[in-house]
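We just call them A, B, C, D and E in the order they show up, numbering each chain from 1.
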Amino acid sequence: MSSDEPTSTVQDTAVSSSPAARGETARAVDGEPPILRVEGLTKYFQVGGGLRPKQLRALNDVSFTLRRGEVISLVGESGSGKSTVLKMLSRLEQPTSGRILFKGRDLLAEEPRSASLSYRGQVQMIFQDPFGSLNPVHTVAYHLERPLVRHRKATTPEELRRKVLELLHTVGLNPPEEFAAKHPHQMSGGQRQRVAIARALAVDPDVILADEPISMLDVSIRMGVLNLMDELKRSRGIGYLYVTHDIASARYIGDRTIVMYAGHMVEGGSSEELLDSPAHPYTKLLLEAVPDPRGNIFRELPAKSGAPQLVDPPPGCPFAPRCPEVMDVCRRESPRPVQLRRRDPGAPERFVRCHLYEEDQAPPVGEALGEA
Amino acid sequence: MSFFRQLLSNRKANIGLTLLGVFVLIATIGPYLVRDASEFLTTPLSPPDSEFWLGSTSQGQDVFAQTIVGARTSLLIGFLVGIVVVAIGATVGIAAGFFGGWVDDVLSLLTNVFLIIPGLPLAVVLAAYLEAGPVSIAFVLILTGWAWNARVIRAQTLSLRRKDFVAAAIVAGESRLRIMFFEILPNMTSLIVSGFIGATVYAIGAQVGLEFLALGDVSKVTWGTNLYWAANNQALLTESWWTIVPTGVCVALVGFALVMINFAIDEITNPRLRSEGGWKAVVRAAGVTPGFSTPVLRRGSLADSNALADSSAPALSKEAS
Amino acid sequence: MSSTPPPAASRARPGEPLLSVRDLCVEYVTPTGPVRAVDRVSFEIGRGQVFGLAGESGSGKSTAAMAAMRLLQPPAVITGGEVHYEGRDVLAMGEDELRAFRWKEIALVFQSAMNALNPVLTVGAQIADVIERHENVSSAQALERAAELLALVGIESSRLRSYPHQLSGGMRQRVVIAIALALNPPLLFMDEPTTALDVVVQKEILQQIAELKERLGFSILFITHDLSLMLEFCDTVGILYAGRLCEVAPAKELFANPQHPYTRGLMRSFPELHGPKQRIEGIPGSPPDMRSPPSGCRFHPRCSVAIPVCDQEQPQLITLAAPALARAVGAETDTPDAPVGQQRGHRVACHVAAQTAGSSDV
Amino acid sequence: MTYILRRLGFYLIAAWVSLTLNFFIPRFAPGDPASALQARFQGKLEPSAMAAMKVAFGLTDEPLHVQYFTYVKNLLRGDLGTSIAYFPAPVSEVIGKALLWTLFLAGLAVLVSFALGTLLGILTAWKRGSWLDSVAPPTFIFLGAFPYFWMAMLLLYALGFVGGWFPLLHAHSSHLSPSLSLEFIGDALYHAVLPAGSIVIASLGGWLLSMRNTMIGVLSEDYITMAQAKGLSERRVMLHYAARNALLPNVTGFGMALGFVLSGSLLTEIVFSYPGQGYLLFEAVKSQDYPLMQGLFLSITVAVLAANWLVDIAYVWLDPRTRS
Amino acid sequence: LATLLPLTGCSKRKAPEHEPGVAVVVPSTRATWIRNFNPFFESQARWPAAAGIYEPLVIFNRATGEFVPWLATAWRWEDDNRTMVLTIREGVKWSDGEPFTPRDVVFTFELMKKFPALDQSGAWNRLEGVSAEGNEVRFAFKRPFVLPALYLLGERPIVAEHVWRNVDDPVKFSDPEPVGTGPFTRVLSFKTQVYELGKNPNYWQPGKPKLDVIRVPAFAGNEQQALSIIRGEVDWSAAFLPAIDRIFVAKDPEHHGYHFPSLEGTVMLYPNTQRPPLDDVRVRKAISHALERERIVRIAMQGYTRVADATAFSDLYARYHDPRVLEEEGDWTKYDVARAEALLDEAGLRRGEDGIRRLPDGRPLKLDLNCVVGWSDWIIAAQIMVKNLQAVGIDSTLRTYEFGAYFNRLQTGDFDLSISWSDGGATPFVFYQRLMSKDTVRPVGQAAESNWHRFSSARADELLEAFAAASDPEEQQRLASELQREYVRHAPTLPLFPGPTWGQYNTKRIKGFPTKDNPYAPLAPYKSPGHLLTLVELEPVTKASSGQAQN
């Protein structure tokens, strides 16, 4: 996987005030080792039980690198393996194979069975459903105290209290005293999600894994949560792995975007470039399907819907059965990742896994939607 | 906790709790207020009169006193078995559900086996070979009764385990035991309470049954032995209904009280079950018969304050041209 | 679909909307008192039109739609307003009348197809039973029709004997649509018919609906919380906030010229797919608790341009004067032959907007 | 299908565990069948007779595990041994008819109670808040709270003894021989009215409640609203859409209940002198009749397991979702 | 359910089918019947296999205390009382027509020798050999054994050689089609709920039996049985009915009757004489004085029996009972708290501050009283006794055990006080042997068949030996008196009440039962073989009288 090359510094390309572009990522200086590196991560689930259990290939050979203060967005349709990636990294599930290098340490070799407390203290997670991720029987204060106590971030009760209120203040739940005493069901979705973020922040993590943190929230409050995440990235240099199926938000917050399909990373690169000039047919389809107020409902989609076969997948490219530009080779061989030429050489490297492309070929430009 | 507060505000629960409270009171202080229940006091089989309110047994014991005193052991065993059964069930169920894998395989096999083994026959066999007495009966009932709770709690644990707050706790670095007992367990309060109540109902009923079969210590005064003695002395043939009816009714009332509480718990945990009493009252008050379709109540029949607040605004028709 | 009767268009009296909802009020009776989930909502749907109701979760979209069909279950009661379908007073109908009315005239597509299909009956049986019930046909004929209907939504007829769980999410949703179309109703209510689906599937289904609509000529009440989708799909859009309609306008007009601060906030809550990245803020605060909604304009606590009157007085839905429209959008004005839903043009319920844009009391 | 097979495997294990338990429990207890016989005759048996009986019963002093293996070996050959309480009849013979009667009684009781309770559950849930709904559940809960045998005794006394409307005992009139004739079946049903009735009364409430609860849950499902909106007849919605789905969880309970009633009819059988397994078991326990106890336990367990298995199959049949 | 009623017809319920000549007998409570007529296992076989289908040589009539010749017509002792010679009745035929011969008797006893499991009376513990000579059978004993011998051997059922010779395993043989000499040998029908036996047309007693059929229904519970009896559906039964006069007799005073003679052993309180202070006769007598036997009999036994006196004899031994012994030695079964207290004080067991008596070493006097779970009459008796003992300063607790455990404790001597039965054989010999003989004492910890209280006296052994060998009735009488004296003096056990035998009858259809006024035999149908005496006397009520009785 070529993404390991210690390459790029993201530059402020567009003159814009978008958080991702505003370039806190610039702190990810050349030479600084990445916080998290994933190599060839693969996960097969046993399904069907009985005499002949089958393997469901949820993740295939996933590799990427996350640096300090960088946000990588993972997008893809339901079941494409986005959450599975996060579960591996949060050590909620055991990968079938592959390596996870955390600050240079080979995690699976050092902590093969379950994660150490120290890892837990550095990698935190935010879940999709802000109601489900907070225990309905505990108060907000309890949720924040536990990690503080567990990771010895506070020693005295006063300090504990102070830190809890501080955290609540940080995530914008004011007045903190009032919120500390609340139960989850006494708060709105956005507030709950802020508590979840506060809990993740409590241990002062380097990486936050966010699994569709806004998809369950009301539209009007989504941006608040995204912006909060973004501020924390800037002020604390936290690296995010942001999972979403909303491509627009992936672009909004993600420095880089990786598109997943059937457990494969099919395309990746700087968020803007990727969306402006999608290379992989699946990415194109995805973009085409996004509702657009200006769009014409009758505009033909480039491909049909359909779920990939994850159990006993056929050889070749997983998208081949649906791909409008399918070639013979696609049905035979699984494509290798190919580096594409970047519009802006300073941008993160751009890759696609598709037989249509050759090394350093330029991606098709701006064909997505007329405007741009 | 709000669960208990909700319970207290439920009508069915109130009926049940009140009834149960009365019996608990009877069981606690009653025995000090009545005659010696095992003493042979008066003419056998005398019908109820002003002195012996519920008459006497065929040995001339005071039925009233026996009924009161019997409550103590029976309720004690009931609650004891209830608590232990739930404790075992919860531990096994949570462990199975939480750990999964072979732990789950072994524990659920055990659970299912105990669930499917014919309970009463096993209880009869066991009770027959243990030293007769309430403790043995309790033991037997625990042995044959824990599995149901374990299964229910396992199922609930499985669904709670999938909840993100458990994953969040793992990610926060919490230990497994802490997650099991501080994160998952408190979410099953209603289940535990209703499991406890169910087990108590079972225990009281089964205890009475076993003692009726003379598998308990019939020299002790309990509800079961009261019925045993009544049957043994052919209460119905001698037409001395008073030796058999009071205890039977007491058992039923306690059972009824407990089931009502469980009924209420169902309603609380499953809002769909809650009665639509308020809605019906409102609809009926407006003279509409409730049917499947949404009723139409014209002009502010609900909360007049609301209607008033709105009437201050000019009628909407204003904007219509 | 040759065997289906032609759409009810022939019954239409010109100029009259197909469905007209006026001042609809719905309340839920809760232990803590009644909750007014829909408050004086008025809208009209013309023939062949797609009317969209958008709003956040809990704003009363489903309640309003279901109330119009009298399908709301306890503890809901309709406490005011009128619902007229082709001049028939839906709120005055009796139980039997409603049974015959529903589905024949207005059919419903539920949000989640999995929940809307009976898991233990085959798809075919579920389509056929509605046909058998309403039309005097044998079950064989009904099944035949069911097959036709499946074909219509792009599912092969062999699936008649499938159970819902054997179908993918998209297929189930299509089945639900097929059931809704079974009696060829003039009007379809679609309550978030695609939210549970992937974008690609969502797009496909919407395209299919649009195509069927063209072909069969029915009207649609379309409910969603996804504003982009709404604007893309609907002719006219109503924005609900906390049980009240705050803005109603033709989709294009609304997109180009949102008047209500809430609508504007919503528009600003969707990041762009293309173009320069901009920081967008969404709307501060969170939607109100419907058990104790704010006084006056329900949006005022979150509104950045609120003026003192906003927390005092409830703003009325007023039609914006044509000049204001013209200023904003250009030359587009009401034309006599324009569809009914659009004739009213752009209406908004906001004190501030009313002041700046001026209202037209025609 | 693998599901069904897997369950079968599980049932085998369950049967084995329960048999093993049943083998060891009585044997760890003091006393033996001969002294139990003494107990039955309240000491009127000569000590010499007891010694002779021990010989006759073939009580050995072999270590328990050896006995256990012999027992399992014999079991696999289908040999359940000789009963002690009914010496020298083979256990299989003693159990044979009793099992049929118990199955008949318990089966009848469970079916009637399940059917009635379920029906009432459906109706009360469908007409929530009606007078039926406000009267039936509490009434049957209250009735169900009475101990089985208490109810049985009362019924026996009131309807059988005082009223004289029903036979007091036995599974059929003594002048009839078991056959499949209409007369005999009618007679057997007539004899089963009171015992089954007491079980029905005591267990109806449970079915009613659980059915009512699931039914109410189902009634708020979208597919019910949709069915209503489709204008289907009330009957069809109630039965094919609501009840059919609400039945599923109850079917699992049905298997459990069958097992429970199979073993729980013990007390009822005693009260009504019903020639079923319940009383046999009681007697086997009293006379420490190990082989009979084991045999009964085996047959009860197998019956319970079979019932559960049938329910498993029925479930698969009822719920298309489990078929794939 | 109501639809079932017309199907079966209510009318059938009214009169239970009851043809004349059919007697419905309920000798025991059993849920189901298993076809087994093997007479050797009296406890397992269907009634009346041991005496009714098969027959014994002699029958001990408990009601009169006399031996009734049956298949044997006479008996005598020879050879220094070491050989008993029985004359076998002639003209008796097996029900298959074969003649009954002395060979059959010899065969039967040899079968019992070959298969010890069949030797339920332990005859071969005493016997040396059996042989037939002409119409006589000679039983050779190892030692003189006069008194109990007839009882031991004579009541064994005799089986037919020509049938049983061919039986492979007579122990497991269920004898489904019995061939016997008795009055009812034909199995007319056999169902799990009821079986019927038809009369033996070739019965050797002319004109008997007078009944054609006996029908035996199965009852699982007392309740059921009682209901049927009260409804008059049963002719002869042995159930425990509470308030029998009210619930049974009063229902039909003309026909319903009962008779509960005390023809069993005596129920006693066994003190463990190996455990101080129960080794002290004063303490034992004190305890006895403390017991309210009248109350026990009234409440626990519902007055169906009487209190025992200090000889411990039931009515069975009325013939031997010597009231003078009681006069001379004092009857310590009288309820006398003062005497009890005085005796205890005398024994050095003084009351402590708390009212509980103290042992010499200062420990409180605690005596547990063991009883069997579910044996309700005993439990009530025990409850009363515990209260009695507490009243005289003995800290007593009732312990109930499941029979196995209870019996184990009793046998191994692991108890303080235990309520239990005593032997009810034909003569006081075995009765006293088991209460006082060294032969029957086993060390504590080892299971004793009897003498659980573990008492012996040299004098008693002497007397018993003489008693066993005495064939002169006067001598027997004298020895019995001496034994009584020895017993009363030492109070080894504390008799409570003689055990009653139960029996109810209904003369509506069947007559000829023993009654209180005419106790020609025991009424209890379960008292084998004594019930045979009654069985052959029963006869149907004639049409004329029954017609009158029914209206």
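Following the convention adopted for this analysis, a contact is a pair of C-beta atoms (placed from the backbone, for glycine too) under 8 Å apart; a residue touches a chain by one contact, two chains touch by 3 or more.
As the structure is a prediction and not an experimental result, all values here were calculated from the model.
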Chains linked by the largest number of contacting C-beta pairs
D-E
Among the chains, which has its CA centre at the largest distance from subunit C's?
E
Separation of the C-alpha centres, subunit A versus subunit E, in whole Å, is 90
How far is the middle of subunit B from the middle of subunit D, if each middle is the mean of its Cα atoms, in Å?
23
Compute the distance, rounded to whole Å, between the mean C-alpha positions of subunit C and subunit D.
55
Approximately how many whole Å separate the CA-defined centres of subunit B and subunit E?
49
Two or more other chains touching the same residue: where does that happen in subunit E?
223, 227, 402, 404-405
In subunit A, what residues contact two or more other chains?
none
Residue list for subunit C, restricted to those that touch at least two other chains
71, 73
Residue set of subunit B touching subunit C in the complex reads 276, 278-280, 282-283, 290-303, 306, 310, 313-314, 316, 318-319, 321
In their complex, what parts of subunit D are in touch with subunit C?
220-223, 225-233, 236, 240-241, 244-245, 248, 318-321, 324
Where on subunit B does subunit D make contact in their complex?
109, 112-113, 115-122, 124-126, 128-130, 201, 205, 208-209, 212-213, 227, 231, 236-237, 244, 248, 251-256, 259-260, 263, 266, 270, 272-273, 275-277, 280, 290, 292
Residue numbers of subunit B touching subunit A in their complex, please.
1, 163-165, 167-174, 183, 186-187, 189
Touching subunit C in the complex: which residues of subunit A?
14-21, 77-78, 188-191, 218-224, 227, 245, 247-249, 251-252, 272, 275-276, 285-295, 297-298, 301, 303-305, 307, 368-369, 371-372
